[in-house]
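What follows is chain A paired twice: with chain B in the first complex and chain C in the second.
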Partner chain A sequence: MNCRSEVLEVTVEARQVEEAMLALLHTILLHRSTGKFHYKKEGTYSIGTVGTQDIDCDFIDFTFVRVSSEELDRVIRKAVSEFKDALSNSGSDGMGQISLEFFQKKKSRWPFSDECIPWEVWSIKVNVVNLANEQERQICREKVGEKLGEKVINVVEVINRHEYLPKMPTQSEVDNVFDTSLKDVQPYLYKIAYQITDSLGTSVSTTMRRLIKDTLAL
Partner chain B sequence: MAHFDTDYQRLEASYSDSPPGEENLLMHVPEGAKSQWHHIENLDLFFQRISFIPKNGFTCMLLGEIFELVQLLFVVGFTVFLANCIDYDILFANKFVNHTDSSKVTLPDAFLPVDVCSARIRHNAFMIFVLVISGVFWLHRLVKFIYNVCCYWEIRSFYINALKMTMSELPYVTWQEVQARIVEIQKEHQICIHKKELTELDIYHRILRFKNYMVAMVNKSLLPVKFRLPVLGECVFYTRGLKYNFELIFFWGPGSLFENEWSLKSEYKRGGNRHDLADRLASRILWIGIANLLLCPVILVWQILYAFFSYTEVIKREPGSLGARCWSLYGRCYLRHFNELDHELMSRLSKGYKAASKYMNCFLSPLLTVVAKNVAFFAGSLLAVLIALTIYDEDVLAVEHVLSSITLLGVCITVCRSFIPDKHMVFCPEQLLRVILAHIHYMPDHWQGNAHRYETRDQFSQLFQYKAVFILEELLSPVVTPIILIFCLRRKSLEIIDFFRNFTVEVVGVGDTCSFAQMDIRQHGHPAWMSEGKTEASIYQQAEDGKTELSLMHFAITNPQWQPPQETTHFISQLKERVHREATGLLKKKKKRPRSLIANLLAGPSTLSSVHFGRDGCLNNHTAAGIGDGASALRSLSPISSSLYLRGSLSAAHRATSHTSAVSKAMAGSGTDARTVSSGSSAWEAQLTSLVLSEYASTEMSIHALYMHELHKQQSRGELPRHTWHRQESDESSDSVPDEVRSEPNTHLRNFPRSHTFPTTVPSPSAIPTSASATSSSTLSQQGVGGFQMFFSYPVGAGVKVVRSARVPMGGWAEDTQGAPRHHEPLPEESSEDEMPPHIHKVNPGAIIRWTGCSTIPSDDQRNRLDMFRLTLSSSIS
Partner chain C sequence: MDGDLSPQDKKDLDKFIKFFALKTVQVIVQARLGEKICTRSSSSPTGSDWFNLAIKDIPEVTHEAKKALAGQLPGIGRSMCVEISLKTSEGDSMELETWCLEMNEKCDKDIKVSYTVYNRLSVLLKSLLAITRVTPAYKLSRNQGHDYVILYRIYFGEVQLSGLGEGFQTVRVGVVGTPVGTVTLSCAYRTNLAFMSNRQFERSAPIMGIIVDHFVDPPCSSQRPANMGQPCNYRPPDEEDGGPFAGVQDSQEVCTTSFSTSPPSQLYTSRISYQSPALTGAAELCHPGVNPNQMLHAGKEGGVVLVPAQPPHGADAHLTVDHAPNTPGSSGDDDGLSQSGDGRSDGRRDEGRRSVSPSDPVESLAAFTRKVGAFVNKPSTQVTAASLDLPFAAFAPRGLDSEENDPMVHPPDSPASSSPLQASLHSQGSEGSQQQDDFVMVDFRPAFSKDDLLPMDLGTFYREFQNPPQLASLSLHISSQSMADDLDSLPEKLAVYEKNIDEFDAFVDMLQ
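On to the complex of A and B.
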């Protein structure tokens, strides 16, 4: 469990889910991204620039800052919209959780695949409510905006603490720490996973994997 | 367009700092991952593996695993071979082989041809079933083996690269050293990302996370391991199979309470739907029970085969081994402290082994002895005749069943012999039990003063069972386990759920651990165990048998670097100081006495005292025991100070010196101590230090454990215990004082050089009579103190043989004198030291007498003197 975990909880209306999630995920990623590294021969590197961009939300009174990288945005959007669809299709009481996990890779010897060791996990719990009329929606719009603002400050506070971050890698190891697939920005390696309601039997595959590992580790 | 002429100019220089094209870019130097040891994913497992290795070393582990695999293959293969491929008719000579050339039957004759053999196997469905099962099992083990090897390899390189230890020195490194280095490593590599620094407790918590839960559950009698059976009475059934199942259900099996190795599932932390969860747990237990039931035949067959192959040879070779005893699995759980590693527990229990088996031997039934003696006699005569005949003409062996009857008679005699007690054995269970207590640290309250009773013996035998019983239980386990799971454990599911909810705390950087393992006196202390007023625990929260307090002391003593929270520190130092002060108080009084014979006693072995001081010094390096006070008073009393003040005196002088130098000082100072010096060549010095340190720690813990038990006893009874009278009676019955005198101390002192014990014991006879003469017969206090004395005299005596040379000078005598005042301390007038001299005067004779022989009446001066003299003689002779 050698990883920090932070939990954020929000209560939103169905149409606000996507924007709220984007706002939070982007906020976290903004602080967990750097410019591209340019390595020099003598083993040093310089860091490229990162642009930021203000995004206004349509359904919430809220503006958030994100890294101005279309590619990154696309990836996040895709994950969030999947989550939103799953949430609306689930038909349950509209509880869900999306988690953003930062990890680093550890090269293993041949028979094993690379280990992905998480060092920070952000779980965002979403509670979807249904509103009866337009007036309530209006109130909700402001309320959620305020709440999100608090969350953003919350995130920044957490990130400002001096806690463990993977060490800056050398050129050969950069893929073990940073996601270098994007052209214009370089976030720490991350994974986005979601889960609808806190279902008891998580996913079958994780259970199986754990089972095998446990029996091996006996 | 006017031309502006200003002072403002472009500052050209600023551009030259950065390379063209990459303006204003800072250059960074990557730190890189200097080692692969930062941020380890599963620290629990990692630490566990680390803690495994120092004991055995890498090669041993590897070889052990390989042999285990081979053994498995062999057991299965050999069984199948025996069952199918041997023509027993030929072997038993029921059928004759028609050899043309010779009439001799050879082993290969008895083997069936390969094709017949394989056909037989193929037609036997059960055999195929067994083969398939074992094949699957073996493959599983193989995969596990490969996995383990990879893990070990990683750990090995961790040892070499990060901890900077070579493989050759690994077997001699103590866990404390490894741990200290891990704590260092954390600062550099951050193997745990939550904290900048790891504490010892964190490491222990991770390694023993589940074991602490098990210990706590046994402590709170949550696990169904004790049963009341119609005929057998109360008995304990706890086998490896059962333990495995418990762990499967609670900790790691599919659907267990734990989400992963370090956190309890969140729903189990909430009290809301505890009934649902309990139901679910119950059904899961049911399923696992059923699975056990289904697999029962396979496991049973395996257990039988395994037991057969591993024990038959031993039993044939030394049948007495079945009569030997071992600490039962339940005992290990019951006696284990919170946060105590396997090897710590085992070394502690092993030290108590001798006394424990002696104690159990006290209870041999006389009836059985008579029968056994006679059976042994008749069997012996038969055997003697047979052997004599065989020697005369070995053709006798060829007669049918002669060989087998010789074997059987031999076994019979050995078994009988185990029922015949040692001629020189004396019945003094109370003392033995104290010696045992000094090592095992736990026992139920009602044992005290009832050591001579059969109930106590029976209960103790639950902790300390016959090896034979152990094997039998293991054999029965596959059948009994499902029954226990389905009928007993299932009923407890709600309690279990509650237990995990109530006693799980989340510790930053560690995860969910058992709250008992925090050893927080306030939360789990028991008022009857010195935490009166400090504890806020309800009865449900209190750990039984003073587990919290004793565990805390144990942990603090074994890990002197550990910095406990404020209150805990207070508790520890208070206790230490108390133990210390009482002893100091005693010594001061001693000095005031008109005829300071004690002073003589102590002045005698001055060489020894120097030894002690050296040692004390090295101890002080690792304990910051805040008890320097009475140190000076103690110096002159070195033999007395021996174990209790180990860590107290000379603190200032030696604190600064490094371990190694302290030891060498100790060695230099110990002129008499040739053995240590000789072994103290530079290569061994470091190891020796750590060995000595750990031995001292264990002695100190023994003393604290005894002290706490004694205090507890007084607190809970509120007056001097009656049990001494009991013992007195029982002791009187065996009027073999000299016997006792000879046998008891000797056995304990036998193992070390005479020269050391001698000076310590010699002065004592003179000391004791005087104290006896000072006695006005206030028997009650004598009794009580006497009982307490034995406490101290004994454990140390027992400890001595373990510590090689280290604790040599502290013969039981010295200890005797110091035990006394401790007894007084807990009495109401705790601080009034003026009260003490008279007590002490009275105290001594009783104390020592009781030690020398169980039966002496304290006020009987003459006899005392005699006994004392005998004892001294005998111990000096030994």
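On to the complex of A and C.
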């Protein structure tokens, strides 16, 4: 089974990085999260309800929708904030990439550890620019808002092709497919990683941080 | 085609499509209400949320949608459309977008209805949530209120896109294949917003005088032609009211659609705030038909309102006196030019209160600076900047005055009366001629004041120096005369130079 890979590129000002990343990551996760599963006796299950929330950006003329889950929001914000710090520390011509990977765990027999098999990877390439004056910043606000709108349409387009999705698991397998650690929603298992490249395009400092969402880290 | 589908599946599929259509309408209309939507996630399934999404049901909207569907389902050739349009307070309207839920013949026989189709419809609704915040109408709907409102209209049947103008764009939200056809959700939105470029759609309060339709019904009145839309506004109900729109009560196994919100007690509540009569009166006063260049807006920018000079009516005087205690300049201070630095919506009211009247209202015909009080009648005479005897009067915005009125050319006479207001604005020197005889007249000329003693003013000076007298050496007869003299004296000069040639040579050698 091949892993689906999608790349989105955005060019933003330094102060817009956080909101742009949040907007895109949350839009993807909105589509890749379900309500909490509650398994019943006969092998059937019922699904909880996912609420949504409109979030206005402060530095971009844009509003995005995310799932109403404070826990999930905290996790994503933490990852984006680390990415943003790494980007700003790398220098003024910051270029970087943050990736959201959905994977499935495949149990292996001892002594081999579980395999993580990605089935969908979203890579968001970020190009940070510096603007000279307030007028340019105002234009940038609007332009980045429009660009993010286009990216959301791209995301929706890909997702609505309804290509491979992991099968709905039985109760024993649910942790191999979904992240069940959150109280209110259940996204597919995912991990976020980022890497920073310098202005020449070579990855001078490949800082790979893995935020592993599954509890087993063998 | 339906033979392969079990009756239960068929029934489920019909139900899914019906509630999908209703939820689609809810999402679209709620996204155009103008406020942020927030619903809570719930881990324990209540069984009342279709597609496992917390989407509120506004009863009016459900009612409208059901009315449009009239018991049918979106099918091939029968699309359900939600049209979003904008209507200004002046009555102009424009279609902004049309959301279409269509069905085509392409079937997916192998798909599982109760599971895959349901989940995919859920994903499609999430996509709809995301896309409704992306189209241009979203920003417009967030700014609705004073100048315009957003309306929606649901219809069933053929899709009509002609009202979207030229060059409209289409965005496809998604498709879901089912055994009876493929459900497609898309949006066609207008890109040509030229109609709106002349209007002001700012969030701030409008400048006074632009909305003059106080006595016209607001666009969201309950009498409305049938083909116009419903307003996209909704006030959460405060009370348990039976109302005409009780919650949806379809009973089925999987979900009910109703939330326990009680229907609103009032249909079509309007959130448009209109100016009160007093303010509109004052608004009209600002534009009573005088030369607009003479009037400065008193709305957002504050500043001076130059009003026609008319002896105030008894009512006016009464009002201004009444308001005097509230005004900063009532004691005759030099606050006539005070700015209205208040908040925008309050500025209108305050501006009315801040009228400053000279101490002798009847006498001050010639010149004053007076703010207009609310309820003041519309005066009929005009004032020109020339008649205002202020230091900067010459620079006050004026219309197409002829040169006779131009104070730069003809300095106006000194004022006849001395109201306390004028005293504060003028230096004492310029009114010297009018002072009492006991005082010694001091020839005090402050900068920029009009100086009646000097006959020449800038204009005259300029004109004179445009025509200077000829230089003496350039006049023709003199020049020719001197030329002749020069020629005559040349031989004598040459003789002298030849005599002294040795001296010249020694001088040149010295220099080298």
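Basically, the second predicted complex is superposed on the first by the 195 of 218 C-alpha atoms of A that agree within 3 Å, B and C clash if a C-alpha of one lies under 4 Å from a C-alpha of the other, contacts with A are read in each partner's own complex, and residues count from 1 in each chain.
In the analysis below, contacts are C-beta pairs under 8 Å (C-beta built on N, C-alpha and C of every residue); 3 or more make two chains touch, one makes a residue touch a chain.
Quick caveat: nothing in here was measured; it's all calculated off a predicted structure.
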Which of chain B and chain C A:Gln138 touches, first, second, both or neither: neither
Partner chain(s) touched by A:Thr180 [first = chain B, second = chain C, both, neither]: neither
Touched partner set for A:Lys36, first chain B, second chain C, both or neither: second
Touched partner set for A:Asn127, first chain B, second chain C, both or neither: neither
Which of chain B and chain C A:Lys106 touches, first, second, both or neither: first
Chain B versus chain C as contact partner of A:Ile47, first or second or both or neither: both
Overlap of chain C and chain B interfaces on chain A (superposed complexes): 38, 46-47, 168
Complex interface listing, chain B residues touching chain A: 22, 25-34, 36, 38-43, 45, 140, 143-144, 146-147, 150, 190-194, 252-254, 260-263, 266-267, 511
List of chain C residues in touch with chain A within their complex: 36-47, 49, 52-54, 115, 120, 122-124, 126-127, 129-131, 133-135, 138-139, 142, 171-177
Touching residues (chain side chain A, partner chain C) in the complex: 27, 30-31, 34-36, 38, 46-56, 61, 63-65, 67-69, 149, 152-153, 155-157, 159-160, 162, 168, 183-185
Footprint of chain B on chain A - complex, ascending: 1-4, 38, 40, 43-47, 104, 106, 109, 111-112, 115, 117-119, 163-164, 166-171, 173, 176, 198, 200, 207, 210-211, 214-218
